[in-house]
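Across the two complexes that follow, chain A remains constant while its partner is chain B and subsequently chain C.
Entry: the complex of A and B
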């Protein structure tokens, strides 16, 4: 214990330099946590999706729909509790084209039976079901776009063309809130029937993809197989998997970006190590004389090395703790909130995972020890006579 | 003026500490340069695909070919508009179907979307770059396909002689690999137009119409004619603009992400440089005092230390850029947000990307060295004797 306090005290010898070093560690911690949180929030949708849900899509490509009558067959599969379906509408607000939010044509009767983590007030749900052009939107996007109940909203679709004299117009009938963090709070949902009535003959009675809830989550894989087998002899085959792996499989498209962020977060820690190592090495060189004295007094080489490593680790701990403590308000209230509101499609939940914070601290301690290895080794190699003779 | 030799020799005396600082700067420059090269690479790949004298007509609001759909009869209407080039009495225009198939990416879990283009025989009128480099061309009307060279071996089924499913019992067999002068076509699978439509159940529909114009200046007239009837809901843009638009989102995303990260990192590297320089100043108080006693004014001492810091950061900058150029031939495969399909591209070491990275190194040196240099400038001649 005494040794640790002693070595930490060495830090106060050059407070200015120590201050800069700790600041360097803090910056590295902030950057590391921010990057790790990007990866975490990108993959969180895959990790926390409920296990009792499975998605059925067209086997060949996700852009081609499934015949709507598949829904009835899937519904009757043993073990399936409820099934719903949705079509990607690709809608945008013509007055605000940059704003990104998902727009889905959904089955009004079943959507909330399957997506139980979206909560809509009973009376809003009832009015929505009544109104063929009604829409239910997420609380975040409603707030951002200033949409209130009863508002008329016109959207343009990148997929379903509407002539300028009869555009896609909707009435906001409900606002949903999320009870689970993986839910995108910026989705715009409207009646599938409204879409189906207006599309050309060839695109009619098609369901983009199917989502089912099963009674027993442990059976998800078997039920997925049973569904796919059912359509195996059809021209349009299906691919079903639980929602978690479905979401995760999308991440393959971004694997390069995720890997790059992963590497960069390590690079940042390397920079931190360089800064720490530099400071410690400087301190050690300036104190060569003292180490000579300590050796002459009979302190062992190992003890001196411990002193050096202890000094570095103390700086690492102080910087690490300060960095993590600063990161929480900065990331969760600052960047995180902004990302959740503006890019909810990709980052529905931008928060620091407890594991990430612990990892950051662990790295701060370990790497600060590693950074001190070379200076520590040098101290052990000191020749007492040389060290005493050296005058700075 | 204090000679430069003084700075260089001083840097050499404290090699270890200076090398650490140089590495810090080099890492930052490496990250920044790589991000900028990545973003330039996407722009280059997609930019090379587009030409000014080719117009592309899609459904209004669709952004990309993938989401757009146009009825067959419209193709004839569009290609007969004024400004479309004529080749042997035929209009140089073609309707094409673009789809994506979900294929497994080798070496990563999950699937990714690969763009498949249904190419009709008339497509040759567009004079697109296209050379078979392996295997042979696909037989018209068959289920054979050729693949862009960048796809080869990266995705399951995309190899010479292998196949992937278009629908049940209808595999598409890869018979050839083509190159297309570094354009994004090299990340596409080309199939027979009619085969693709029938296999995917899209009879009577195309995704886009491409026409070659008499000249780039004929575009405005062509566009006015196509967009005149608002009920048709068509949009005509030049191919170049179309591909610029496709690369915009993803390249901006990478630039912003890279810059934000670089700012964070550079704070760290700057602190590293600052510590080194402060160390240098406090170790050399006697030297500085001597310089002052010799009659060098404060400004020159200040300049000398700033220059020393700049040399330090320039070394880091060059090292970082060299590192980035060294990995420059790496191919990256990622999803392009705008087209929802995979694009394979190469890092592009543009002078601009490297220049920005070097300048940022200079800034790190300047900002990191300024405060220590100010301290050095405050050292008096007296300090030298006292020391």
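Entry: the complex of A and C
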């Protein structure tokens, strides 16, 4: 028997209450880890982007297009290996409008030269290229929507309207798989020409953004500058950056949301601390007489404070370890897998970062100690004779 | 359990002119009046008196749980009234054993662990602590209840565990506040017999507060306290 055992044993006095408190810590840990993983996975999507890919967009904003003829100029820039382009279509299935997936009008000849981590069987690719209304979709969205090769799919777009008698109808010609976690496996891609032919004259020959692959990743900054310089004297100027920076700047527009999630995750831990502090305070109040006995036996005020803090930290450790242990199967194999498959464009890699688990444990231990400070202080203020007289 | 180094007949508790006044707001309540008291080593003394007579206050002063308002308290050769709180705690841990009316065992600890508790303040190893706790429980006749929790023991057995806890550090003085107050007569007799043995066989000095005349009769000296004065 030692001080640690005594602290831990005190937790077993009211097992129901301790159980609920530890459960509260576990739930707080799970919520904290889930929220931190949202932030992590959101930012990691930007970080895992290839370094040898450049994105060129309208300098004003990425929602404004570029003239399509810029593509040829960019292609000829020294150091550029391949260039493709895409337009955001904003499509959705009218029969399943809640299902979100990216829909892009892409250049069939170059898209897979630039996005080499998307793999499509050769025969499917060839068939797709020959079918003007053909589409290639990610394996995850195909499975979810039940799309098979040859299926006719009608989409509606919030950007490009189609008359009721001539809707946006596509034929599934290919299904791509991904060789990298950073790839969204729920994208719907179709012929840019199909889109271009059906939009009004004024909106034709516009590319949403350009994507280039460079031969030397260390030169992406120089090549970006070279591309932008080419269009400096044009009415429509460009802003080029590597895909990682592009993603990061895209994420920056969500910084308020990420900050809010960050704050909420901390608030949850603070609530956990208050719950734990309340439990410890109740226990201390009920055991006033025992603290009097211990003081009479010769235990110092500091020793009793250590007992109280030790009790709280024990609960924090048990709850923290259990929370982290449960988080891996629940978050990584449960929520994480679902998010990766269903919201892959936002969460391509929903996994708990090792640092986050350690941070959660550190918070559990630290905050449980902080939670016990007031009850511990109150124990040190007890008068031994008054405490001995106290009977609960 | 070893006996004391000094001879029986030494004065182990010496109070001179001890008074105690409690202050509550503007009111003062004088509980003890200029008490003088000598208790010999190895004595088993009973303190009797009506409620509010100052018995427990006197016991607290002897045990070093409180300071007198006036006078001096010398226990085991130490001027207790001159020690600060931290020094008193250390002194109590080595010199005083406590026995309470309601046993006051920790319910989450087994009998042997309860007895071991005061030894956490010593430098003994875990093995030595355990051995000493088992020895103390053997002295009180509970060597077959080492692993029992307090809730698994009778009232008499719990009080005997409490007595084992009181003697495990080999203190010179044991203070007992109504040690038989919660016990039936048979159990009370067992506890009193055990206290008698501690004085006779181990030369412990026992000061016992009690309301029970039968219990007091077992003591070697009975002192009566009335309105803060010894009669």
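Here is the rule we use: the second predicted complex is superposed on the first by the 356 of 392 C-alpha atoms of A that agree within 3 Å, B and C clash if a C-alpha of one lies under 4 Å from a C-alpha of the other, contacts with A are read in each partner's own complex, and residues count from 1 in each chain.
FYI, contacts are C-beta pairs under 8 Å (C-beta built on N, C-alpha and C of every residue); 3 or more make two chains touch, one makes a residue touch a chain.
Here the structure is a predicted model, which is why all the values come from computation and not from measurement.
Touch criterion not met for A:196: it reaches neither chain B nor chain C.
Contacts of A:384 after superposition: chain C is touched, whereas chain B is not reached.
Once chain A of one complex is fitted onto chain A of the other, the partner contacts of A:248 are limited to chain B, with no touch recorded for chain C. In the superposed pair of complexes, A:219 makes contact with neither chain B nor chain C. Looking at the superposition, the partner that touches the larger set of chain A residues, chain B or chain C, turns out to be B. With both structures placed on the common chain, the touch criterion links A:9 to chain C but leaves chain B unconnected. When both complexes are overlaid on chain A, the residue A:127 reaches neither chain B nor chain C.
Touch criterion not met for A:43: it reaches neither chain B nor chain C.
By the touch criterion defined above, A:77 reaches neither chain B nor chain C. The touching residues of chain B, when paired with chain A in their complex, are 16-17, 20-21, 23-24, 27-28, 30-31, 59-64, 66-69, 99-102, 104-105, 108-113, 165-168, 200-201, 203-205, 230-231, 233, 254, 257, 261, 264-265, 267-269, 271-272, 274-276, 278-279, 283, 332-335, 340, 342. Contact residues of chain C toward chain A in the complex are 60, 63, 65-66, 86, 89-94, 98, 100, 102, 104, 106-109, 113, 116-118, 120-121, 126, 129, 165.
Within the complex, the chain A residues that touch chain C are 1-3, 6, 9-10, 12-13, 289-290, 293-300, 384-385, 388, 391.
Across the complex, chain A meets chain B through its residues 16-17, 20-21, 23-24, 27-28, 30-31, 34-35, 59-64, 90, 92, 156-159, 161-165, 202, 232-237, 239, 245, 248-257, 261, 264, 267-268, 270-272, 274-275, 277-279, 281-282, 392.
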